Structures are given as structure tokens and as C-alpha cells.
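In this document, chain identifiers A, B and C correspond to the written order of the chains, with residue numbering beginning at 1 in each.
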Amino acid sequence: MISARKRRVSVKYSVLKGLSYVCAGLTVAALIAIITFILVRGIAHVNLNFVFGEYKTKTPTVYPALVGTLYLVAMSVAIAAPIGVATAVFLTEYAKKGKLVNVIRVAVETLSSIPSIVYGLFGYIVFVAGGVKWGYTLLGGGITLAIMVLPTILRAAEESLLAVPSVYREGSLALGAGKVRTIFAVMLPNAAGGIVSAVILAMGRVISESAVLILTIGMVVTDVPKGLMSPGTSLALDVYYFGTAGKSEEAAAAGVVLITLVVALNLLASWLGKLLKKGKA
Amino acid sequence: MLRNKFQRELEALSQELVSMGALIERAIDDSVKALVTQDSELCRQVISRDKEINSMTAAVESKALKILLMQQPVASDLRLISTALKMVTDMERIGDQAGDICEIVLYLCAEDYEPTLDILPQMGEIAKQMVHECIDSFVKLDTEKAQKVIETDDSMDKLFVKLKDKMVKLIKEKPQYADQAIYFMMVGKYFEKIGDHAENIAEWVIFSKYGEHKSVRIL
Amino acid sequence: MNGQKICISVRSVNLFYETFQALKDINLDITENEITAFIGPSGCGKTSLLKCFNRMNDLIEGCRVTGEITVEGVDIYKSADVISLRREVGMVFQKPNVFPMSIYDNVAFGPRTHGVSKRSDLDAVVSESLKSAGVWEEVKDNLNKSALSISGGQQQRVCIARALAVQPKILLMDEPTSALDPISTGKIEELCEELKKQYTIVIVTHNMQQATRMSDKTAFFMLGEMLEFGETEQVFSRPRNQKCENYITGRFG
């Protein structure tokens, strides 16, 4: 015989359970809705020419954007990853608890909460119109993006390093290895899983970024950029361009390519992360 | 194989017991010889060699206790060590008894024997046999052999009764040899006690294998 | 003890963690080619003292050591060469802490750190060390396998091999078998019996039976003081210090 109180409790649990299922369902539904919408509108237009062909006014392609995106990803990672990892190593291995560490932490936290449009403004002021006055360049965009993703990589690198069991450090030092050798031979390889995941996710952010790039790289959709100092465009910017130019099919198609790339990178990140973690404790 | 050090220590303990066994067998043997041949020099040797038996007793006790301390034996190892500790007491007593026999023989050497010595040498021989067999049964953990030793004690007891009757007859018929008769009785009693001690050892050997002593479960 | 060299000498050593005093005026000599055990209740300072011998205490912030510790004739707190100290004095930890690398790389880590790079030299050191640690037969065909894939007992022996690979004179062991099953424990105890012919071993253990089985000398610590030190047989059969007697008889922990 179940008491009245117990019955009330079990009803409460069922209601809560039901609600959580509903919420999960809504989340998944939202995701599916977005993807389906874009796919339906754009998939027909996606073909090899669209992705890799030369841009012609009659048949716009996203090839320039693809090249530009790749340049941007490469630059931002090449700048942010070493700095982020090095700072993380400094914070975890060398820094003593004190003012300096706190200052760095506050700076990193602040950096990560700045809206991207403000980054764009910074980039515009420093690289495009004022400062070095390069005008619209991929390099300017790349550096700005690097600063934007630095906190993410730094935080992930720090967390991964902290997650490495300190027994490895002890074991290495007890064998007569110095601090540097211990960091490079034992700590970093162990933290690699988390760091690589974070880098790949940072790449995903770079690809998705639009506000920063509008203000720094110029959105030149027609020509393939010749080098780092040329202006260019990215996939996300192309979506904006096509969308506002009335080419809604091309916009959706660009969107499909963009989403595919982002999803692929996310899957790669989690697969690589798991793979690298498998060999570890 | 694990616990090599422990194994070596157990073997050393066994070895010590075997050596001690050889010593007490020799003591019994010599005491019979001294009795039969009225050799007082041999008697004195047996008496002084008892010191050696006593120091071996201390050595065995020390080794056994150290093994208990340092190796924490369990199961058959524990039964083995406790058997060794019990055995060594009986062995030491056997050594003492051989010495006591020789002390009496020293008195008997004063004059020729009246009765013919037939029972006593027999008892001596059985005593020596029993001691040899019981130690052997410990080394080999041979409980059948141990059982035989236990049964042999009956024949020892029977011989003792026979001796008693003979000596009573001697005292009644030739009272001038009453001293000898009493001494012979005492020697016979000591042989009989040696047999008892050997039987004790055999009973502990059975405990070592089965954990039961005189059919009572102890461990 | 005639002809027995002292290889670690401890004189008036005090150890502080910030303001807490973990070791009080310790004086002790560790003899070469012997196994010395440190026993005592939790927090008595035995591990702290052990970690002084290879200056692993330096890793702890706020840790201060006064007094003199001489290892192989060198005052280790006056000399700054921690690296070569840690080559002379190896350490095996409580839980096996093999690196997430192959078994080969684990054992070769030390030699590689100290400059050995030729493949043939490394091969020789790795196989020698694994043999000395009594685990060669079990892993010789799988040297490239991850060290994390073998059992705990094997991992600990690989850790021992790894420590031996830098050719230390002294081996420090901090409760090396507390995380292992009885058979692995037995193998390691047996191993130490062999190793002491070539090395000097200091072992911290909570398991007093292990101390009696393994060690030649035992030191009893309590609340930072060393209350008893002597031949293991004497310490455990006729301890001179009453607190030591109470501890080893289990009257209090």
C-alpha cells in the first residue's frame, strides 16, 4: 500500500521527468529545424563548381571564400595556439600564486567576454584605417581572430595541463629530469588531447565568425586572395553577401558548405580528443 | 617461487632438528653401550655432551620464534613451526634421560652384574628406533610412520612390566643384589620415558599434517 | 657493523611545512646494501623524511629543511645539483605511475634524459633494467605496448625498472605495494631481497609484517620524532621504546 505522500512524490518525479524530456526534445527539434531549413534551400545549388570553380558574375562560387577561410584559420591558429599553450604552461608550471597570475586571469576572462563586433572594431582601427593602415587584409583579420580565440585555447590548455595527474610530473622529476624536459616529454603530450580539441573548436569559431571579418578583410567575394596582405572573404561573409544581394539560393548553398565544415570540424575535434585521450590515463 | 628466504629458514630449522635428533640417538646408543660394557668413561662423555643438546634446544627455539615473528606463517607452515617448538622440548628431555641413565650406570659400574642383561638392551634398542623413526616422520611428514611409533610404545611398556617382574624376583631371591635391581628398574623407567617422549613427538607430527593432536582438533 | 658503509647520514634534521613542524631533530644512519624500513602511524613524518633524500620535498611550497643530510658524502641541501642527486637516488611511488608511453619508452626515459641516445645502448639499458626488476620475461615481447595496458603489479615493476635504468645507488620506496595484490606484493618483496645486493633500499611501509619480512633495520616514527631505530629483529621482539611497543602490538595506531 503506497501512502498518499509517496504517491505525491512519485507524481512530482514523473512530471519533472516528462518536462526534461520535452525540453530535450525542443532543443533537438530546434537544431534539426535550422539544419533542415538551410539544407532544403541550398543543397540543390551545391556542386563541385560552386565550391571550387572560378567566380563569375553569372555563376558565383565560394572558392575565393574557401581560400580566404583557410588562410584565416591557418593564421589564427598559428598565432593563438603557441601563445595560448605557452601561457598555459607558464601559469601551471612556473607562476607562483600571486598578483601576476591574477592579472593574467582577469585579462583572459575579460578578453573572452568581449563581443566579436568590438574585436572587429579593434581590428579596423589598428589594421585597416588607423595604426598600420594596411587597409583590408587577411592578415589583419587573422591577427584579430587570433586574439579572439586565444582565451579559449588558453583556458583549454590550462585545464588539460591541470588534468594531467601530478604523479607523472613527480615521476619524471624523480628520475632526474629537469622542469623543461618534464613539460615537453610528459606533461604536454598528456595534455595534447584537450589542447587539440580546443584548437579544432577554435578553428570552428574562426570559420563561423562574421562580425570581425566584415570590418577587417573587406568582403571581396569575386577574386581569390593573392596573399596575406590582400583583402578577401570568408564563407560566413559570403552568406551575408549573397543574402543581402538577393541571391538567396547561393546564400543557402554557402550556408550548407559552412555548416558542413563546422559539423565536420566538431566531429573531428571530439574524435581526435578521444583518440589522444585513449593512450592516457 | 616466492618467499625464498622463508623457505630457506624453514629448511634450516628442519636441519637443526635432524642434527639434534642424531645427537640424541647417539646419546641413547652410547648409554646402552655403556650399560652393557660397564664403560664409565663413555658415561661421562654422554653426560657432558648433554650440554650440546641443550644449546641446540635453545637454537631451535630461537629459530622457530624468529620465524614466527618475521614471517607470520599460517596454515601448514604454522603447524610445522609449532610442532617444532613442541618436539624440541621432548627431544631435550630425551637427551636428559640418556644422561640420567649414564649417571646410574656409573653407580652400576661398581660391581659385576648379577642378572643377565637381556631386557634392558632390548628396551634401549626400541627407544633408539622410536626416536629415529619419529624424527624421520617429522622430516618426511610421514604420518603412517608416526602412527607406527605410537604403536611401538606398547611393546616398550610390555617390556617394562617384564623387567619389573624379573627385578622383583631378583630382590626376593637374592636380596644382596637389591641395589642393582633398583638401579636396573630406574634405567628401565628412563628407557620407558624416552619411549613416551618419542610417542609425543610422533603425535605432534600427526598434528603438523592434520591439525589434530591425540584426535582433538587444535588448529 | 664491521665493513658496513653508511650511505645516508641524517643529522639534526627538522622539516617544516610553513609553520607546521613535521620532523623533529632526526638523527639516523642508513647502511649500504641493506633494506631499512620506516614505520609509524599516518602523519608521523616517515614519508617526509624519505622525500628529503632525493629532495622531492622541494616541490612542496613552503617546505623548509634544516640540519644536514649527507648522501654518498655530499651534503644534499648545500649542493644545488638536484639532477644528479636524483640520479643517485631513485624513487618508486605508492601507486604505479608509468608514463602513458610504451614500456620501452618508459624505461628509456631516464637514460634519454641523461644523454644516452644510441639505440643499441638504450636497448641494453632497457633489457638490463627490466631483468633486474624481474619483469623482463613478462614484457619482453611487448616492449612497444603502452605501459598502461599491463597489470598493476607489472606496472610497479616497470616503475622499478625505470628507476634502476639511471643506475642509482639508493632506491627509495614509498609504500610500493600498498596498491597491489598479495602475489604482486610477494614478487616485489622477493625482488628487493635480490636488489639489496647491489643497491641500498629505504622503504616506507604501513604494513608491519612487510617490514619484518623484508627489512634489515627498522626506524619507528611518531609525530615527527624517531623513537626507535635498530635491527628489525630487535625492534619487533624487544622494542626499547614503549610507544613503539604499543604501535607494533596494535595497542594503538
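By our rule, a residue touches a chain if its C-beta (ideal position, glycine included) is under 8 Å from a C-beta of that chain, and two chains touch if they have at least 3 such contacts.
As the structure is a prediction and not an experimental result, all values here were calculated from the model.
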Longest centre-to-centre distance from chain C, chain (CA-based): B
Chain occupying the most central position, where position means C-alpha average: C
Length of the line joining the C-alpha centres of chain B and chain C, rounded to whole Å: 50
Where chain A and chain C are represented by their mean Cα positions, the distance between them in whole Å: 47
Whole-Å gap between the CA centroids of chain A and chain B: 92
Residue numbers on chain C that touch chain A, as the complex places them: 54, 56, 59, 61, 83-87, 90-91, 93, 95, 97-101, 109-110, 113-114, 146, 148, 159, 162-163, 166
Interfacial residue positions of chain C with respect to chain B in the complex: 183, 186-187, 190, 193, 209, 212-213, 232-233, 236-237
Chain A residues within the chain C interface of the complex: 96, 165, 167-168, 170-178, 181, 185-186, 189-190, 279-281
Chain C partner contacts - residues on chain B that touch it in the complex: 2-6, 65-66, 69-72
